[in-house]
Structure formats: C-alpha cells, structure tokens
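Look for subunit A in each of the two complexes below; its partner is subunit B in the first and subunit C in the second.
Coming up: the complex of A and B.
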C-alpha cells in the first residue's frame, strides 16, 4: 500500500501532537496563538489537499481494503478541513470562556477532525466503528469542556450516554453482519449482497448500523439529543457537531448504503422516505416556539438532516450529488451563523441578545441575516440551490413511486414552516426593542476574513454551482445504485 | 452652436440634480449655486437656440433610443418657434424663481434636497418641451409628475402636504391613462410615434383615423386635462399649494401646468373640430368655475391657485378656438405675471411668519413697498389692463372667442370681470385697509435676493405684450398669414374692438365692485348677503366631497365587500399557522431534558423501526 494515501490524516494528527507539545512551553496569555497555529496548519493541509493530493482517481485502498481514498472521501475531507479551520478560529474567539486547557481544546478538535477524515475513508465496518468512536470520545470531552458550567456538563453526560447507546446498536449490528456474512469489508459484503438480502439477521444488522449512524446525523428516531447538547456545548463545539459530525454521519450512511449494501438499499426507499419526512416535520415544528438560539439551531439541524435524507431517500445519483452539494453549502452557512453567535451570545443565547445588533455591528447583523436566508433556502444563496437539487432528485423519483410526491410536499411544508423561525431571528436583529447592552462589538481580523470567506462561499455556491457540482458528481461515482 | 451644447440645455439640470443628491446633501450653499447655475446656463443656451432659429439654422437632433421590431423610438431635440418660446419661458422664469428660492428657502433643513428636486423638475419639463415624439414626451410627462409629487410633498412631515402630493399624483394618473391609450391608438393607426411623421401622414390622408379620430383626440386631451388641471380633474391644483411657494410659482403657475397647453399646441394637427369644441367648452367651464371659487377663498395662495386654474381654462379655450398662438401668448404672459404674483405672495407669507390667511393681513403697503408695487403690476397684468401684457394675450383669446362662439365669449367676459373682482379683493385686503393681526406689525420687506426677482418679473409682466410673441409664433400655425408688425400697441382695438372694449368694461366693473365691498373691510361682507351662494363657493362646488363619495361607492365599498373573503382566507391561514405552532409546542413537551426519557424514546424508536422493517 501507499503510505502517501494517509498523508492528510497523518498531517492533521501530527499537527495535533505539535500543538499539544508546544502548549507545554507556551505561557498562559499566549495560548490562543496555538489556535492560530492550528488554523494556519489546517489551512495549509486544506490547500495541499486541493492542489497536490491525489484526485482519488483511480480509488486507492489500503490496510487490506479497510481504508479507501477516492473522490467521495476527498470531497468530505475538504469540507471537514475547511470546517476545522473555522471552528478553531471560533475557539480562539471563545478563549475567555474556557477557564483552562485551551491548548488541549485545540488538540482535541484536531483529533476529532482526524476521526472525521477517517470516517470519510472508511471501507470496512470495523473502520466505521473505529472512526465513530474516535469522533464520539473527542466530543465527550469537547462538549463538557466548560467544566464550571452545569449546562456544559449536563450536555456532555447526555451525549455520552445516548452516544454510547447508539454505538452499542452500531456494534451489535456490525456483529450480526459479520456473523451472517463472515466479512466486514464493504466490497466483499456487497459482492454477496443479493444472497444476504434474503437473510433477516443480516437485514437486522444493517438496520442497527443505520440506526447507529442516524444518531450522528440526528435523524428520527435518534434525534432526541441534538437540542439539549447543541444548547449546552461550547459554541465552537456546537458548530463542529452541526457541520462536521453530521457530514461524517452522512458520508458513512452513503457508503454503508450504496457501497456495502446496494441490494438492500433498493428495498429500503420507504424507510428513508419516512425517516426524512418525520425528521423534517419534527425539526421544523419543534423549532417554532424556541427562544434559545443554539437550541433553535439544534432543531434546525434536525430539520436539515431531514432535507439531506431526501437525497438519500431518492436512491439515485442526483440525490447523492445533492447531498454532497447541500452539505458543502450547509457547512459555510452554519459556520457564519456560529461565528456570529460566538461573538454575540456571550452570557445567554436567548434571542433577545440579538436586539439592536444592526447598530452594534452591522457586519454581524448582515452575516447572520445572510446565514438565516441561506438556511431558509432563498436565492441566490447556497441553501437555495442545495434544496433545489434535493427536491429535484426526489421529484425525479416521483415518476417511479407516488410516495415521493408526498415526501416532496412534506418537505415543502417544512420549508415554509422554517421561514417563521429563521425570519424570527432576522426580525430580532433589526426590529426588536433595543436591549440594555448597546456597545459596539469588536470583531477580530481573522474572524472578519472567515465571515467574508463564508459569505463569499454562500454566494458562490448559490450563483456558480458548476465547479462544485461537477466535483460532487465525480465523487458519487464511488457509489453504486 | 455645436450639437453638444444643445444637449446641455436638457442635461445640465439633470447633472445638477444628480450631483446634489449624491455628493452635496450637506453643502446647502454649493447645491443652491449649482442648481441656479445649471438653469441659468440652460437659459443662456436657449437664447442661443433662439438666435439660431431666427437665423433659420435651428437643428433637429434625433438619436434612436429603442428599436423593437419595426417600432423605432427616438430621443430627440426638436427646435421650432413653439419649443424655442417654451424653452425660454421654462428656463427664464425658472431661473428667476430658482434665484428667489435661494432666499425663500434659507434655513430649511433640507435645502439641498429642495434644489435637487427643482433641478430634476427643470430637466423633466425641458424634456417635454424638446420632445419630437409621443414616447419621449410621455416619459418626461411622467417625470414631471414625479418631480411635482416630490416638490408638493417637500415638507412630507406635514400630513396635509403628503396628502396633497398623493392627490396630485393620483389625479394626474387618471388623465395620463387616457393620454397613454390615446398615444397607443394613434401609434396603432399611423405606425409612428414621431410628431412630424404623424403630421405628414395626416396631411397626406386627412381621413386616416377614420371613425376613431375624435376619440383619439379626446384621449390625448385627457393628458392635458390632468396636467393642466382642467375640469373635472382640477381638484389637485389648489391642494398642491401645500408645497413651498417657489414651487407653486414655478410648477403650479408658470410651467408644469402649462405643459398640457403646450402639448395641445404641439399636437394640434391631430384634433378634429368635434374635439376642438369639447376642448373649448372644458376650458370655458374650468375658467368660470374656478374664477367663481376664487371669489370666496381666504388663503392667499389658494386664491392665486384658482386664478391659475381659470387662466389655464382661457388657454385651453383658445386652443379650442383653433388659436394656438393666442394660447401660447397667454401662456407666456401668464407665466410672467402669475410667477410674479406667487413670488409676491411668498414674500408676504415670508414676512408674516408663514401666515397665509388674507384676513390676518392688511396695510402691507407701507411695510413692503417693493412687494406692494410689483404685486400691483402683476394684478393689473392679470386683470388685463391695457397696455400691460395680460391685456394683449387675453384679448387675443377673447377675439378668437368672438369669432367662433358667442356663448363662450360671454363666459370669457364674465370671467374677466370675476378675475378683476377677486384679485382686487385680495389686493385691498392684503395691502390696504387696517392691519388685521399683530403679525403685520413685525412684517418687513424681504431680502434683495427675493425682491430683485419680483422687479424683474414685474418688468416682464408690464412689457410682455410688446415682445412680439404672437408675431414670433403665428407663422408656425398659419404660414400663409401676413407678417404682423412687431410693435403694435393698439392692435387689440384694431382687430377686435368689441372684445377689447368689453374686456376693459369688465375690468372697470370688477374693480368698482371690489372697491365697494372690500376697501377697508374688516371681514368678508359677501357671506352675509348671499349666504347659500357663498357657502357653495367656499366648498368649491363640493367637488372634493363628490369625489370622496364616488371613491367610497366605487372603490371602498367593493373593497370592504371583498375584504370579507379575505377574512375567510385569513382564518384559513391562521388555522394552518395555529396547527403548526401548537403541534410544535406539544412536540416540544417530548423534549423534557430528562435523560431517562430520551433513552427510552430512543430505544422505542429503534425498536419501532426494526419492527416495521423486519416484520413486513
């Protein structure tokens, strides 16, 4: 095997270790510079992955086929790296709210990132489990990093227990698959797919694996944790959960479904149709009465998981392309929103803290507004085009089966409901009674640049989708339908 | 002159408006200087155009603006006697009023915006004047409507000003709809929008419009009815006095309201004799109605506004008598003396801290001598006392009436009597008699930047009859006519002695009546004598009430009925919204925050999925 295949992951892990070591010789007041170091390092790796690393053509496998480096993996790794840069920069902004261990905070974020990157390359059920645990364990620590805040600890405990439960389902599923097929490698399992599809135990195993993954993407019925954990976790960690963890969950769902078990996927359209519809409705309906912004985003994250499931439920290549495209736009949209929350929602994340934001900082008000508009799916921003692709993919399937038409209608109803709370946020920014706190908000230069990049990316994805679209189309060639 | 200079006439004011709006909002002095400079430069260039025209070298410039299929729309600068005269009126009187505004508007917090809007108006008005086709004219026609809206509502903080601006805009829209349909019909028949092209076709084939001829003419006349505030769309002009006084002088006396008359003269070839009869009667009715209303108004600017309506009625009537030169002549002299009267009224209002009720004034003669003398000149010119300018232009119209229609001639003479009566009522009450409020004690003459324009306009009002305006414009409409002598002070008495002498008699009677009732009057004696009549006049023949009722019946009542359906729809929307919201609130209860509940629900959900997927 070619060790260069692992270069991105190794670089990230190396960077994590370097940050951990340099932390030992860094004075407390300079610790935040470790964040800049980590961000700069990740940026270099991201640029390297865009320019130098292999294109994933042809797909290379290693570790007896456990690890695969193909277009799909690279597409997601780039999203993770970009999200990593933004999250680390948010972490720097957040430093005054992390009493101790700032260096470790960055290190664990980097390790978490490495876990996500391994997930993107997973080609074996064992690899799936390892990558999932690498992510989960990191998140246990990150979510409860503000040890003095009971919210943070409560969220950490909830995540730990529920995640452990779902990991139990996952590993039980893997055991059943191994028991029925004798193999854990995706390619090998897929080769015997038609025979195994008749086996109820194998189906049970596959379902349990999917349920385990559904926890990561916070889809019904494994969605309960999201609002509580999103609310309690430190804001940069919430951002990483929403962007990275969800994307990692989806890449695993795509791989399990369309690489390991394409034969089963054909019969499970109904499962995903129901899951998508219920997730959309649950997320959007529960978000209506929310006043806590991070909780609101938790429900919004559930609703968005539902939208993305539309692409999975379509069971066709355009659907998967739409999933990839939507996740790319979603990453930048959420990043910009969480950067604003990092700066604005310091003591409380009640929607009232947004009062008068347009006077306190027009830039933040604009960024938040654009973010919300993109989430609501209004042209010309990224969210609109992503939703358009998803809906198109579902409507293409409507010709095959009528239930897809209903699914599209439910999704549209969900979008309409979501306008209410997304625009509620915009209204709070511009039209609410002025709050007691009206001092201008200082925004550091790196965050300004980050927001600029995110906004530019939102417009770019919404207006000139061709480049990313063709990259996504190439990436899904790794899947079989 | 080079061609670019001709374009500058039109575009200098636009440039000024843009520069002021974009860059000079905080520099009132600069913006005033720029705006005045632009209109003065346009005036000088217009004089250049006049010189060229007299030499017979006036260019006809036209660019292709739009090309849609076979329809070609030009953007042109058309110079003939008509447009040259109108250019001079607009830029000349406009310059004087711009200069006056520098003093009148001093201290207004939105000084720069005022000049930007005045410049925008000048641009729009000049655009109408130089148009060589209907399309361009309509575009500028609407621009004029817009700038008029902006200027009437200049003090938009006052609800009355905002309402007046809306009323003016909407009333104008009514006329413009007819105008637009007329233009489209004319284009559909002739296939061209250019005036020259249409005229050529009509000359070649007078029956071109066939049965639609009268309709097309009347529809186009609708535009003039709106813009020149003719009956029955006259209601907006008096309310438009809510704007600053220089605006009233420039837009609602001298230029914009004259645009309708100008347009009628410009497209005179299109009207049939049926159209002309309607036009004459509409003009006559407007003249009479508004002169009657003016008799019982108390607001100095409203009296002048109704007087403007009445004079516009004269002009429209003249067009109806196939006498566009007389109409244009009266338009020009009227621009001089009515601008003068408005600016004089502005000077009075300025001196009396914005008081506009004439019954709060009195004996301003000694306090404001310059305003007094110039106002007297304007009044006499408006009444048509020979040898002031008004006498010549009004007699030209009355002479045409004598030839065409004896009934309208009598009506015209009656209006002449009323004009003298209400103008001297105003004059006696404001400038003579006893002071009627304490304000008069504090009054003082206005600054020179305001009185010089008065003197200039007074001079123009006095000698306007000898400038040779008719002689200049007549050849365009009747090329065959004999060349008239330029200086002919006794001309009215020679061509139509009946009209001229009866006119003088009307003035004399009007003056005596005004003297009897109002010299030294403390309050209006007329309501005591003719209560019912005065009541009707004070309520302006109940036009506003009638229209309000009409709108109520035709629009508000049906709207309320349709609103019932809307309430039903709203209920439906509320129901949907309520369902979503309450489902959300109930679902939220599931999210207790209790870890045991979550675990239970998670496990139950997983079990349900497995049950449904594996047992079916």
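Coming up: the complex of A and C.
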C-alpha cells in the first residue's frame, strides 16, 4: 500500500479543509477571495497531476485492490480538476446570489471534486458506492444552496429522492454481486466472469448497478431528474452536475462493464444500443419546445449522454477512446456556456434574456455561439470531432451486427433535430427583438481568462486532437473488450 | 421443520426491497418516500448479511457498516433539506412540487 497514490485526492481534501478553516477568519466582504484561493489551489494540483504525478504506467493498486491509479483514472481526474477550477470561478461570479455560507459553498465543491476523483479510481463495488454517495450528498447541499429560492429547494429535494432511489438500486445490485461472486473487487469478479455470466442473479445484480449509474449520467430510464434539477440548481452547480457528475458516471460505467464484467458486456450490446437510442431521442425531442435555457441544457445533457453511450454500446476500444475524447471536449464546451449563463441569466433564465446580447457584450455573445456550435457538432470545434469518433466506432461495429446501423441512423437524426434548438439560442443572441435591459455586461478578468482557455481548448481539441487522442488511447488500455 | 436457510433471508430481503420500491412509486409524502428508500437500503443490508453468514465471508458485514454510515450522513442532509422545503412551502407533498416543469 502506498499512500502517495492518494496524493491528488488528499491535496484536494486538504484544500477543502483549509478553505473551511480560513473562512472562519475571513470578513464577509472578502469571502469571495476564498474562491480565488480554491481555484488557485486546484490549478496547482492540476499542473502537478500533469507533470509530476505518476503517469499511471504501470497501473498501481492499493488499499487491498480497492483503489487503482492508472491512465484512465488520471485522464478523468484531470478533467475533474479542470472542471473544478472553472466551477469555482463561476461560484465567485455567482456570490451575490448566495445569501450566506460562501466559504462552505467552495468547500463543498472541493469535497464533491474529491468524490469524483475517488470514483475515477474505484476498483471495487464498495468504492463505487462510497464515491457515488460522496458525490450525491455534496450535490444535495449544493443544489439547494440558495435556500431563499423555492426553485433551488425543490430541485434539491427532487435530486435527493431520485438519487437515493438510484443508490438503493445500486446497493441491492452490489449485494447480489457479492452474494454470487463472494467478492466485490473488480479484478476478482472479472476472473470468474464466464462462470458468473451464466448466473441469473449475478446478471440482475450487474443490471441494478448499471441502473444506479445510469442516474448519474442521466440516461434513459433514469433521466427524469435532469431538466428539473438543472433548472433549479444554482448555475455553477448545474455546470458541475453537467460536466463532473456525468463524466464520473461514465468512468464508473466503463470500469464496471469493461473491467469487472467483460464477459457480460459482450451479451449486453443490445441493451446499450436501446438505451443510447432512446436517450438520444428523448433528450432531443423534449428539448425542442423549451424556453428556459438551463432546462434546455438539461435535455441537451440527456441527449449528449445518449451520444456518449454510443461509444459504450460499440463495445470496442475506439468507442471508449471516443467516450473519453468527447467528455474532455464536452467539459470545456459546457463550461463556456455556463460561464455566459452565470453572467447573463441573473434573475430569469428564459431565452429572452439573451436578446441583444451581441450589443451588450460581443465577447459573451461570441463565446455562447461557439459553445452552441460545438454542442451541435459543427466543425471545427471539439463537439464535431467527438461525434465523428463516436459514429465511426459505431459504424465499425455495424460491420459485425447490422442493428448498429440503425443506432447510427437514430443518432444522426438526433443531431439534426438538435440543430433546431441550438440555433434557436444563437438566433436569440443575434436576431431577436431588443430586450428592456441593454446595459453592457462587465466581465471579471478571471472569467475572461477562463472563457478564453475554454474556447482555445475547444479549437485545440477540434483541430489538433492527436495529443488528447493518444492520451485517451493509453487510458483505455486499462479496459478489456 | 426445515432450518432457516439462505433462501428465506433472500425472500424477505427481496420483499422488503419491493415494498420500498412500491412505497417510493406510490406514496405522495416526501417523508414517507424517504422512509421507503431507507427500507430499500435495509433490504440490501439484510441480503448482504445473509450472504455473508452463509458463504462464511465476513466482507459482506463490513459492507453493511459502510452502507449504514453513508445512509446516516445521507439522512442528516436529506431531512434537513426536507425541513427547509417545508419551512418555505408549508408542504411535503410531491403534488405541490410543481414550480419546475415544462
């Protein structure tokens, strides 16, 4: 056992406790500086993870095999850390709408981040449960942080009930897996994979675990919560839900499917094609009539979960590489969109608040437009190349099973539908009647820099994807197909 | 009379789980729904303990401790949240939670 394996997680938790302590000696008007402190700390940890931390080669396991530090874990931890920096900076911008407890707000974001990082390294079903609950419990608090707004509280209670339901399914699934295999460690369960794949009880257990994880990635049939919670939660928290929680769900799905139960995954291609197709159609069709921007992004997030599930359903290494690549691009795309929403959608998040945005702040209008273009999947931005990779992986599989051809067609139909509502947002920015509020919007320097970084990352991922692709290809070596 | 075996425990556990799930789906009071959710967790605890006992493998009972601990922290936050909602809206019925909708 090597405690140095946990250095990134321990650093984040240490930072969280430091922020909590320093909060005690900080005057109210300086509390937002805690956010800058947290962001700076996370940035240092991110840089450390990029240059000094072990590369995950060879993979190291610790704590009786419960925790694994490999390429896959590190890839996701870097996404989470980058998302954490951006979310904390959004939180600083959002401070006037958080009546009290700004220090705790940043602390809980950091705790949440630690939970996501543990999830990325989970190598045992117990670890999956504990990491998922660490995320969920932090999110209950974060979502309902604006206690004076009944939207926020209602979203929190809805998330509480549905998340606890998914945890119940997950735990019962783990109980069945433990009962049939006698172990909860992924490697041990996988070693007996072929025998267990015949066992109905084990299959039921794995199915329940996947249902529990489907909640986190907001995939059909556990997608109901996403629009309501996205709309009600404070905007930085919505961003974290959309970026971090979804990515954490996907890393767990990949690990459970391709590390713990590779024998089972082979038989479950059909299940995943159905889940992906239904998720894509549900998200895209329901997004069309939406007027609330955050609700729209909630449905869009369901649709994107469907696209990413294409890569899982393909059951091949290119599919998983595409999942990783897509999630990296998705993180920066959504971050830039939510930064704009933090600044623009102050009292209401109706699409009408975007009216005249191109004259109030050309920078924000451009950033939002680029974000929407990337989400719609138009070259040369990150979203386009990610979708291309996902479709390519599915078509490769279509040579073997013809049903994948239908899946690809459904996905393309979904993308075409999504143009309607993504371009609806762009139209509202540039071509709508001028709104009553036409004062220019001031953007703080840290947010300007973060928007610049996100836009640069979107172009970089779209134009020269090689570096990230090779990192993703190395990361998926942890999986077996 | 046959001795109580693994199946008996599992049947009770599945029944508890289904009762909990049913409660979540049909009950309309958030507190009762939350109780039903705890029932689901306890069904899993029972299954884990029984598997542990009959397979001579104590790992399951340790997992139960994890679940109890995590569930306790979840309840602490969850009940606080429900109380906060009650103070604001004076209701704990799911029918009244319609501020967020299409």
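FYI, the second predicted complex is superposed on the first by the 481 of 481 C-alpha atoms of A that agree within 3 Å, B and C clash if a C-alpha of one lies under 4 Å from a C-alpha of the other, contacts with A are read in each partner's own complex, and residues count from 1 in each chain.
Quick note on the criterion: a contact is a pair of C-beta atoms (placed from the backbone, for glycine too) under 8 Å apart; a residue touches a chain by one contact, two chains touch by 3 or more.
Computed from a predicted model, the values in this text were never measured in an experiment.
Asker: Looking at the overlay, does A:392 come into contact with subunit B only (first), subunit C only (second), both, or neither?
Answerer: In the superposed model, A:392 contacts neither subunit B nor subunit C.
Asker: Would you check which partner chain A:203 touches, where first means subunit B only, second means subunit C only, and both and neither mean what they say?
Answerer: Only subunit B is touched by A:203; subunit C is not.
Asker: In the overlaid three-chain picture, which partner chain does A:165 touch, first (subunit B) or second (subunit C), both, or neither?
Answerer: After superposition on chain A, A:165 lies in contact with both partners, subunit B and subunit C.
Asker: Have a look at where A:271 lands relative to subunit B and subunit C in the superposition and call it first, second, both or neither.
Answerer: A:271 sits against subunit B, while subunit C stays out of touch.
Asker: Could you look at A:221 and tell me whether it touches subunit B, subunit C, both or neither (first, second, both, neither)?
Answerer: Touch partner of A:221: subunit B, not subunit C.
Asker: Quick one: classify A:95 as touching subunit B (first), subunit C (second), both or neither.
Answerer: In the superposed model, A:95 contacts neither subunit B nor subunit C.
Asker: Looking at the overlay, what does A:401 touch: subunit B (first), subunit C (second), both, or neither?
Answerer: neither
Asker: In the superposed model, which partner reaches more residues of subunit A, subunit B or subunit C?
Answerer: Counting residues of subunit A touched by each partner, the higher count goes to C.
Asker: Of the partners subunit B and subunit C, which touch A:157 in the superposed model: first, second, both, neither?
Answerer: It touches subunit B and subunit C both.
Asker: Taking the superposition on A as described, I'd like to know which of subunit B and subunit C A:285 touches: first, second, both or neither.
Answerer: In the superposition, A:285 touches subunit B alone.
Asker: Go through subunit A and flag every residue that touches subunit B in one model and subunit C in the other.
Answerer: Touching subunit B and subunit C on subunit A: residues 157-158, 161, 165, 169, 227-228, 289.
Asker: Mind listing the subunit A positions that touch subunit B in their complex?
Answerer: Touching subunit B: residues 157-158, 161-162, 165-166, 169, 200, 203-204, 207-208, 211, 220-222, 224-225, 227-228, 268, 271, 282, 284-289, 417, 420 of subunit A.
Asker: For subunit A, which residues count as touching subunit C in their complex?
Answerer: Going through subunit A, the ones touching subunit C are 126, 129-130, 133, 136-137, 140-141, 144, 147, 150-151, 153-158, 160-161, 164-165, 167-169, 171-172, 174-176, 178-179, 182-184, 227-228, 231-232, 289-290, 295.
Asker: For subunit C, which residues count as touching subunit A in their complex?
Answerer: Against subunit A, subunit C makes touches at 10, 13, 17, 20-21, 24, 30, 33-34, 37, 40-41, 43-45, 47-48, 50-52, 55, 57, 59-60, 63, 66-67, 70, 73-74, 77-78, 81-82, 84-85, 88-89, 97, 99-102.
Asker: Within their complex, state which residues of subunit B touch subunit A.
Answerer: 580-581, 583-585, 587-588, 590-591, 593, 595, 598-599, 601-606, 608-610, 613-614
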